[in-house]
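The first chain written gets the first letter, and so on, giving A, B, C and D; residue counts start at 1 in each chain.
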Amino acid sequence: MLEQTVQIVSNEPDPTDLYFRLVMSAPRIAPLVQPGQFVHLRIQSIKDALLRRPFSIFQVSGDTVSILYKNVGKGTDALSRMRPAQDLSLIGPLGHGFTVPPPGGESPLLVAGGYGMAALYLLAQRSPQKGIVFVGGRRRVDILCQDEFQSLGWEVRATTEDGSHGGKGLVTQPLLAELRSGTAGRKLFACGPTPMLRAVGRIAEEFNLPAELSMDEHMCCGVGVCLTCVIPVKTGADWEYQRTCTEGPVFDSTRIAWDANS
Amino acid sequence: MNLSVQIGTLKLQNPVLVASGTFGYGAEYSELIDLNQLGAVVVKGIRLGPVRGNPTPRTVEVASGLINAIGLQGPGVDGFIKKYWPFLKLLKVPTIINIWGTTVEEYAEVARRFDALGGVGALELNVSCPNIKEGGAQFGTDVKLLGEVVAACRQSTRLPLITKLSPNVVSIAPYARAAEDAGSDALSIMNSYPAMAIDIKTRKPSLGNVTGGLTGPCIKPIAIKLVWEAAAAVKIPIIGMGGIQTATDAIEFLMAGATAVAVGTATFYEPRTAVQVIAGVREFMQSHGIEDVRELVGSVRAAK
Amino acid sequence: MNLSVQIGTLKLQNPVLVASGTFGYGAEYSELIDLNQLGAVVVKGIRLGPVRGNPTPRTVEVASGLINAIGLQGPGVDGFIKKYWPFLKLLKVPTIINIWGTTVEEYAEVARRFDALGGVGALELNVSCPNIKEGGAQFGTDVKLLGEVVAACRQSTRLPLITKLSPNVVSIAPYARAAEDAGSDALSIMNSYPAMAIDIKTRKPSLGNVTGGLTGPCIKPIAIKLVWEAAAAVKIPIIGMGGIQTATDAIEFLMAGATAVAVGTATFYEPRTAVQVIAGVREFMQSHGIEDVRELVGSVRAAK
Amino acid sequence: MLEQTVQIVSNEPDPTDLYFRLVMSAPRIAPLVQPGQFVHLRIQSIKDALLRRPFSIFQVSGDTVSILYKNVGKGTDALSRMRPAQDLSLIGPLGHGFTVPPPGGESPLLVAGGYGMAALYLLAQRSPQKGIVFVGGRRRVDILCQDEFQSLGWEVRATTEDGSHGGKGLVTQPLLAELRSGTAGRKLFACGPTPMLRAVGRIAEEFNLPAELSMDEHMCCGVGVCLTCVIPVKTGADWEYQRTCTEGPVFDSTRIAWDANS
């Protein structure tokens, strides 16, 4: 974990101006990155707002680290207005990421919702086994980096809720179809909105498969001191709150005490 | 040039601490800053047993600030000693332990346990957490209870005792005096201020606990006023905090009457804040020909 | 779509007012906005005789806020009636007069005078100005005095009475109830919060009065919490204020339990804020299919 | 008085990057401006700060209004970073300005300290009588628009505290010298720091000359509602606080109760 002032190399919108790819020059941080880790960015130009914003590390290439973000609010909006050569303060890499499947190990099935795809790219890239990535979104624009995954030699099965791209429906439907055709030696890796993660957790349980889920919780410090980002995690018969920024964001799905908090 | 200050019998190499609950148990930030540069490390509030804490969401960002309702999640005395003390006791700078309880007896017992541990720099009594129903706040808003809890801890330890007052009172002077009279060696001012936010999209309170405590730059003007008033009421030193982001902020607290300061929320977005504040105070002293940081303390009142 | 709300017997065309002391006597902003679009105009605090006010500097900017110590400068009842009433009485929207005194009798006398004037929309009792030594604040932080002052005004006028509570109390519920029990028709929450700033260059307090009152977006989370608590304690309507800049802020207050809101500090930097807030509330209602603004009032609690 | 979103035409620094000339396109406001009035600018990009900042109107030309400002703090610093075509919200023209000398009336002597010169330019331009402008500053760079005043046909007598330009000393020294050579039909108009204004007030009293002073008080609303910007003004034997943003900034010097506040 380092704090570094990084320079923006590029900050490109998709055709709908909704998702952006931000490439930063971060030579000391790039070599340390593990799949599923994130960076914590300070966006100085947000009016009145102080906190950093967490983003999964999308790609690492030489000295650069990139993220793929959605413009959803004041921080991401201010970020979207930043230009090459401007500076950002970055803390990273942070968090406990995905377990890269060992050579000859389980065959990975990735499940992504929306910008969750970004968090899975490095895993796909570094996994010795190629597998299938199931991606879902509301509309066509929410299916983010299908080409990149395909270039890595992965099969992509896309679904959209409005049917504008791939199958119509939820990402878990083609996943279920695939698992019904055989589960031996499979492992699930998922990142996306909490309801999707929960559904993937249930499917893993049903098919008795291992699954690693990258949890999406609001964060504040990003380094484990403030205890904002906790989720209930089983400890024997009981449960406790653990931090998604340090113990996570990736948790083994069997450890999550989904109903503890309600 | 002297930057060191004294809190009871505890000598600090400089007057800049980190605030309880914003610095974990020290180790978390050790990769980003050199902890041995700080005046002291102050750890997250600890009660006798482990505490699960509040449901999420636990923090929400507001204009120039943050509302939190963590609910004092923590490992309890034993968990702390086992998990975090081995790291902290090796630091060259003192560790101040922030403690709380739900009864006077529990406060005293926790104080006894840390007294027995050996090597602790000081105890900070949190009588002002707004986020726990059964504990904390009621001791901070009742002068009599406040005196009792401080006196009980005083009898349980010879460690320097710092009482962290609640800002949520009509006037802070009587509370400051009650803590002083009951044997507190210093005061910490201020804890977070009771606050709330609503997410109009979901029509729900933004925090799982409904209400929480406001911190960050937005509360600095309230904190300065409380330090100013308390400094006029007592002789014991005050540790000022609330919204410190820069050396200018810290100096404002010193001039208002604080002997030391603590950086809280700012660490979350700028982990190096406390060390930057130390450097900035040193620079200010240099450029103004100030030999001893204690010349700054209360210098606004003195100048009147 | 209905935006109108009721404060005692006073009907407002919409729930967005301007806050006392931030809108002068109405005329000043009439070149920049159409006053007849507002829910009501609330004028600067008036006591019986003229008031000179505090020495300068009187305001200082802080993070997301402002501290002021104007000291209730004003023309007194006669000066007001002569100089400002002729303009105000011609407005289509009601004028609410913010009044204060240094004794219960003075409050009552001012109330009587405005009752006799005819045409006044309502009286807002300021029992919470932190910037005047001899008046205001002590009525707002003493439940018994508060009850007395409200009761005395109640006997002096049949105009709707709004009591503007002090935020500077341990818990607002008893004060809210005391005002209700003494016959107040509504509550205003909140006034500014006691605060202070120091200019480290001059080593002096930034305000001539040393301390002042904090307002602006920085206090919104405190105000929301107070409105939330007061709304649970009383049945009379609440006018919520503190840091409102946008319709989102205003809706947050309504959802917390306020029946109406007032825009204060934001007007200073964006004179059109109140009219923008009205438009924004209307838009929100449209896009959410809300027929009556009163459906929003307290809707967070209702949803629990 | 209007509130208008205005576009920046230019925002040029002097060679020292300390003073800037900001020209804005403000077609509805430009025709209304009287000498000594000011505008109240909202600078959206100031971090955490909310209030508008007041600046004297320097020049009016066709549809444009300009100010001449010194970078002294966070607001003026943010302003100095703004670029042509960006927008600002402006309220103006505000305040009660200088009395333009009537044709054949008193011969005007202007006294300016630092950016006070900006407030006097329109007066010099619109005055039917030309006169002398006494300008003072700490260093050469603080003497701001000598050329412009000379182009209007005014005589400029500059002083600097360090002697780097014009006479060495305070602006009141050449003023006193001039007045000792004759006072008949003279009137003083001054803008600058409060101690200078006070000195000019004393001189006016000593020589029994009329003087209009543009007072420099911190402002908040700028339109007369908040009562921040008051100065003590004589009312018969007593005094009261009056607003510099509405009753002022320009006051007749004999009306100011200098010692009331102490």
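In this section, a contact is a pair of C-beta atoms (placed from the backbone, for glycine too) under 8 Å apart; a residue touches a chain by one contact, two chains touch by 3 or more.
It should be emphasised that the depicted structure is a prediction, and the values quoted were computed from it without experimental measurement.
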item: Length of the shortest touching-chain route, chain A through to chain D; value: 1
item: Chain pair with the most C-beta contacts; value: B-C
item: Cα-centroid distance, chain A relative to chain B, in whole angstrom; value: 36
item: Chain B and chain D: spacing of chain centres that average the CA atoms, whole Å; value: 47
item: Multi-partner residues of chain C (each touching 2 or more other chains); value: 63-65, 217
item: Residues of chain A whose C-beta touches two or more other chains; value: 48
item: Interface residues, chain B side, partner chain A - complex; value: 21-24, 28-29, 31-32, 44, 52-53, 55-61, 63-66, 68, 70, 73, 208, 216-217, 265-272
item: Residues of chain D that touch chain C when the two form their complex; value: 1-3, 42, 48-52, 89, 91, 217-218, 220-221, 223-231, 240-241, 246, 261
item: Complex contacts: residues of chain B adjacent to chain C; value: 62-65, 67, 141, 168-170, 193-198, 200, 203-205, 211, 214, 217-222, 224-225, 228, 243, 248, 251-252, 255-256, 284, 299-300, 303
item: In the complex, chain D residues that touch chain A; value: 44-45, 47-48
